[in-house]
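In the two complexes below, chain A is the common chain; its partner is chain B in one and chain C in the other.
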Partner chain A sequence: MTTIADELTIERRGHAGSVARRRTNFVIFLGPAIILTVLFFVVPVVIDVAVSFTDLSRSLRISEFTTEQYEKVFRTDRRLSQVIGLTFIYVFGTLAIFNVTFGLILAVATTAIRNASGSFFRGVWLLPRMSPSVLYILLWLWAVSPTEAGLINQVLMQAFGLDAPLDLLTSAPIALIIISNGFIGASMGMIIFTAAIRSIPEHLYHAAAVDGAGTFAKIRFITLPALRWPISFVTIYQTLSLLVSFEYILLLTKGGPFYDTTVYALYVYRRAFESGQYGYGAALALFLIVIGVVVALLGWRFFDMERLLQRPRIEVH
Partner chain B sequence: MFHWKIGTAALLSAALIGGSAVFLAATPLFAQETVKLELWSRQDPSGPLRPGNLIKAAERLNKELAAEGTSKRVEVVVRESPAKGFDDDALQLLKVFGIGEGPDIFIAAHEWICAFQEDGFVLKLDDYIAKYPQHFGTIFPSLWSSAKCPDGTYAIPQDAEARMFFYNKKLLREAGYDAAFVDAMPERALSGDLTMDEVLEIAKQVVDKTKAQYGVLHRPNKGPDYIMVFQAYGSDFVDPETGKLLLERDKLAAAFGWFERGAKEGVIPANNTAMEFDALRKEFYTGNAAFFMYGIWDLGSVGFPTYGLPQDEKAFFADWGWIAGPAPKKGGSPVSLTHPIVYAIAADTKEPELAARLVGHASAADLNTDHAVTTTHLGIKPEQLEDPRYIKAWPLARATELLKITKFLPNNSQFAELNGIIYAGIQGIESGRLSAQKAADFVIEEASSTLEDVIVK
Partner chain C sequence: MAKIEFRNVVKRFGAVEVIPDLNLVIEDGEFVALLGPSGCGKSTSLFMLAGIYVPSGGELLFDGHVVNEVETRDRNVGVVFQSYALYPHMSVRDNILFPLRFKKTPRDEALARVTAAADLVRVAELLDRRPSELSGGQQQRVALARALVKEPQLLLLDEPLSNLDASLRLSMRTEIKSLHAQLGVTTVLVTHDQIEATTMADRIICMRAGRIEQVGTPDDLYLRPSSLFVAGFIGSPPINLVAGEAEDGMVTVNGARFPVEGASGSLTVGLRPEHLRIGDTGFAGRIAQIEPMGREILYVVETGMGAVRVLEQGSSAGHSTGEQVKIGFLSENSLVFETERQKLIAGAHVREPV
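Presenting the complex of A and B:
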């Protein structure tokens, strides 16, 4: 016969055991992720902050701790406003046209046709992502070459009778960086949206068909509502990815002509590594980190990600 | 058994005596001390003998050391950097020095030398130059200014060259200019009669009246050649009194104006700075451009071997030629630019004396001539001019004429960064983003905000 006190002791022991187990699980399951996050995010950010308060320049020597780099950012750098404006156009343009919208169109289109054909087209759209970036951009450079040998010029001149070859790298560089990045970015949205569309129960479409819904009504009232979570995720993830990636731009336009395609991340790179102004580059990079965190938090709020991440209250089987 | 023992003893004795003899004979070898001197050199097809001559020089130095009876011997260990240009290479090397992993000797473009001097990475060489006149005494006096920083000489000139406007005579004749006019252009440029704007006019005629697509092409990346245009319009970029960077708005705008007029006339392509270097060269050497602003060595590196330009002097000058950078207006001064590459020694090398002597041997006239004639660079010593191989390499002799009017890039530690800004200005103009005045304003704003101690007038 046990007394109430005994029961309480047992409960407390059980509770203590469960706390210990939870702690162990925490270390086992989250430990590696935490270590990686600390090593590759927290430590670099701390180093970046430290470097941004120094005069570290091309010979990697620090002679003083200073706020000079931040004064430069706010007072004397006249390129920054243009660079930030361009970055907004680039990120928003690539995201709106390709990474979300075109990715969605591809997913809807390739799931609406026969499975084999759909898989084939998805495979084709995945090719740019699978190609090494240098090879991908070399193909682009050939495509947009301002001579008659360029692919686009060949098509325009021979099929459409254009007189002189177009120089798209000079006349439309921003469109080019959006398109070249978008062709790669669209494939990620396509894969995620395709997976989400495939998980929508088939009977909903049959029920809609019985109710007289056409193709567009099915997309509007069944597919799109089911894609809210993937769209939110792709938007936030790709925004952050576009904010910090610049390798395709560097390879395609080198940030030019002039500063026309120098997005913020590339600007940081040019300042730090082409001019050897590492302290200044670190200060600029810090703002990129801040912008990234702010965008992620705003996206979280805007898309109500917290609610989306909750366990669904109704399971549809 | 007894016989076997005697045989064994004999064998052992022979081995012992032989071994001792070998050991004794080899003793001086063991006593030798090999000094490894690390050389930093960019992988550069336009000058493989820059490091190569230092390796050959080690043999000569070692013979000299043996004759002196010293036990030290020198071995050169080459560290090749894959940088695509001398600017990238210098930035990389500054970092390497910064973390204490610098080489003993390095090869650099001369305008970077004061950046190394400012950070205390490079050895002052005045004493060594005075101590070894047999190595350094006859180097052309004019070349030394490319190796100097405010308080002394920090490098040894390794070569020189000449930058010019190459031109395609055939295209000019096709455009309606008579042969006498075309052949007289080099002379007219040197006398100040041919002007920068006349070059644009001629180029315009070529573009309008022939199949050639381009009038004037220049390098599609940051570098020295286009600085000639700025020097022609009066910008020397350094205040002679203080040694600080000097930017004069009107002179900058005047030089940018030449690029602006060229771009507006369709003579300089809007995408010149976006072109691939090889593609751009091909346009000129295959007859699709009237002028190409570049340097003499390109004939040896690319023009002759890749595009089959005539290697015979007479045949070459029948259809090709070059002019100095013309004067901005009639009667003005023409320009040419030379961009020496230099040998420099690290301040912290443990063997400065040996390193200096090694560089001295690498600067020998015959070795330098090997480099000069195989890569079409100009020599550093007058005695090279007598070498039959040098005389036979006619582009060198002909380009030497330009040395009378040649200038250098300023040896200012920040010039390389300023040059990047100037290049961005040219790109802004040619692609239609900036006017000449705006480009001058851009250079001044950008330089004032990112560089230190810039004097603006």
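Presenting the complex of A and C:
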């Protein structure tokens, strides 16, 4: 017995020329994405794998092919566990405090007030993202400067009567890298959540009001459920981008004091480009790619993203 | 149950005055319809009743208490929105349960009431589905159950039938009406469909551009429309309206002349298609078009005063296109309006020309 769907498929297949049309559609619709993926993901990974099996170093000469780099990753590099632990704190802390939670609060708050003020506040939070990283970090360096001229020290000393200036870069470096990244990271969640909130039909809020919901009940029962997909997306996307980006940390603390703020990606960079261990850096980077893929897949499963995917609006056969 | 009163209610959106001055009393337990063309302020009035919009002026009273500033959630109204506004991520059960969450109803009792409400509108077997898995008519019923489950003192329906197909609309009309009879809750139905209003409501409030044109029973609006607007809005197919000049007891409409009683000057004569008949007397014309409508036949007749619609009972046409006929009517069924002020002249009639 065949179902109607089967029959339709058979009918479709039967049409002459439809196979050719499918091929053309495949090339037109998926071609560009495939080319980009190959060029910017597959090729670099292949090169990375190749380099990781060499002893490439500062001399830029390969003298032998070896698995020595992997032995280092899994056995001898004792700093690695500390780096991984810090990376976890950094990624999870930034994500949980700023990129998702604070972004969500910003979005909910700025859409609940008058439109003009809401746009203004969102604009303010977007500013750091629009300014060059170096400029943004220069401002931070001034703010946390351990001298009396530093912004935070000025405030603490003049308004709160602190005696000696604080050296936050030494005493609270992890908090600093989380905050400086989070202030920027929150704006992406904010924008995506704002757009999602805007697209919730107004009648749902009217209905909720009629049903007896107050402000917080409306947020909990109408707004948040509608944000499930954007929250999942922002979480996975930002996890990955936090895992691999390190430019703000490099500019702010250079990974220090010592290795205290050296997250994994920065560790790869320091190994490869500061110590000149290119082969080892490549092996570490490969490990990072694996972590990234695993995290993405776990996130996909955890948030049940498949179920949240919408059917294509246009079906192409 | 509640008695509703609008006293000089005004509603503005910025500089736009949508409702200039609304005065209306709705009795406890009554079923009224707000009827009017698109954009006339029906939903706005309904939203003020629900507390979603706050009046810009005047007073809105429930049972004699001013409720202008009372929040929506404290009004105990049930609303069925035009778009149904079901919560998309909740099951039908949770949708209907939602209003009871905020009433601190014990869980067992709440679930029992959900089941009862679902039974009432016959969606009991759909409780575990999501709104997106329901048909339009089913969604509408769920919305109705959600509105009824908290036993509101006022039920507001904003064009609840407009998304349904013709046969479903017919059965939902009957169902809503019998629900009202059963529960006795004060009900306001917003609609732009005059048949919906006349078949369901005890009283119809006919609105135009934010003002009430006429309030009355369906019969009042049909037999004694106070203005040209109401006359034109009520009745299907629409009334024949022809403007003319009256002098010495005779009104001249284009080429046709009728005797007229009780009016003079610039007049508009209203003759409903169902009150006209093709026969041996009356004014002459030629049948230009025939539209069978099932149990009735609509003739469009070219006459001295222009094209006139005539509705005759019967399922097969007794006349053919091009035929010369005479159209007669009973004097008491004719309506005469002042063209200038567009108002009905009570007691004025025209008679068949002889």
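By our rule, the second predicted complex is superposed on the first by the 293 of 317 C-alpha atoms of A that agree within 3 Å, B and C clash if a C-alpha of one lies under 4 Å from a C-alpha of the other, contacts with A are read in each partner's own complex, and residues count from 1 in each chain.
Assume contacts are C-beta pairs under 8 Å (C-beta built on N, C-alpha and C of every residue); 3 or more make two chains touch, one makes a residue touch a chain.
Here the structure is a predicted model, which means the values were calculated and not measured.
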- Query: Touch check for A:260: first (chain B), second (chain C), both, or neither?
  - Reply: first
- Where does A:221 make contact in the superposed view: on chain B (first), on chain C (second), on both, or on neither? second
- Partner chain(s) touched by A:203 [first = chain B, second = chain C, both, neither]: second
- Task: Using the touch definition from the top, say if A:115 reaches chain B (first), chain C (second), both or neither.
- Result: neither
- Message: Once chain A of both complexes is superposed, is A:63 in touch with chain B (first), chain C (second), both, or neither?
- Response: neither
- Task: Please work out whether A:77 is in contact with chain B alone, chain C alone, both, or neither, and reply first, second, both or neither.
- Result: first
- Message: With both complexes superposed on chain A, which partner does A:212 reach: first (chain B), second (chain C), both or neither?
- Response: second
- Message: Applying the document's definition of touching, compare chain B and chain C: which contacts more of chain A?
- Response: B
- Message: Based on the A-chain superposition described above, do chain B and chain C contact any of the same residues on chain A, and if so which?
- Response: none
- Query: Which residues of chain C touch chain A in the complex?
  - Reply: 47, 50-52, 71-73, 77-79, 81-83, 85-90, 98-99, 101-103, 146, 150
- chain A - residues contacting chain C, complex: 201, 203-204, 206-214, 217, 221-222, 225-226, 228
- Message: Can you tell me which positions in chain A touch chain B when the two form their complex?
- Response: 58-61, 72, 76-79, 146, 167, 169-170, 253-254, 256-260, 273-277, 280
- Report the residues of chain B in contact with chain A in the complex, numbered from low to high. 91, 94-95, 97-99, 115, 119, 121, 270-271, 273-274, 417, 420, 424, 427-428, 430-434, 445-446, 448-450
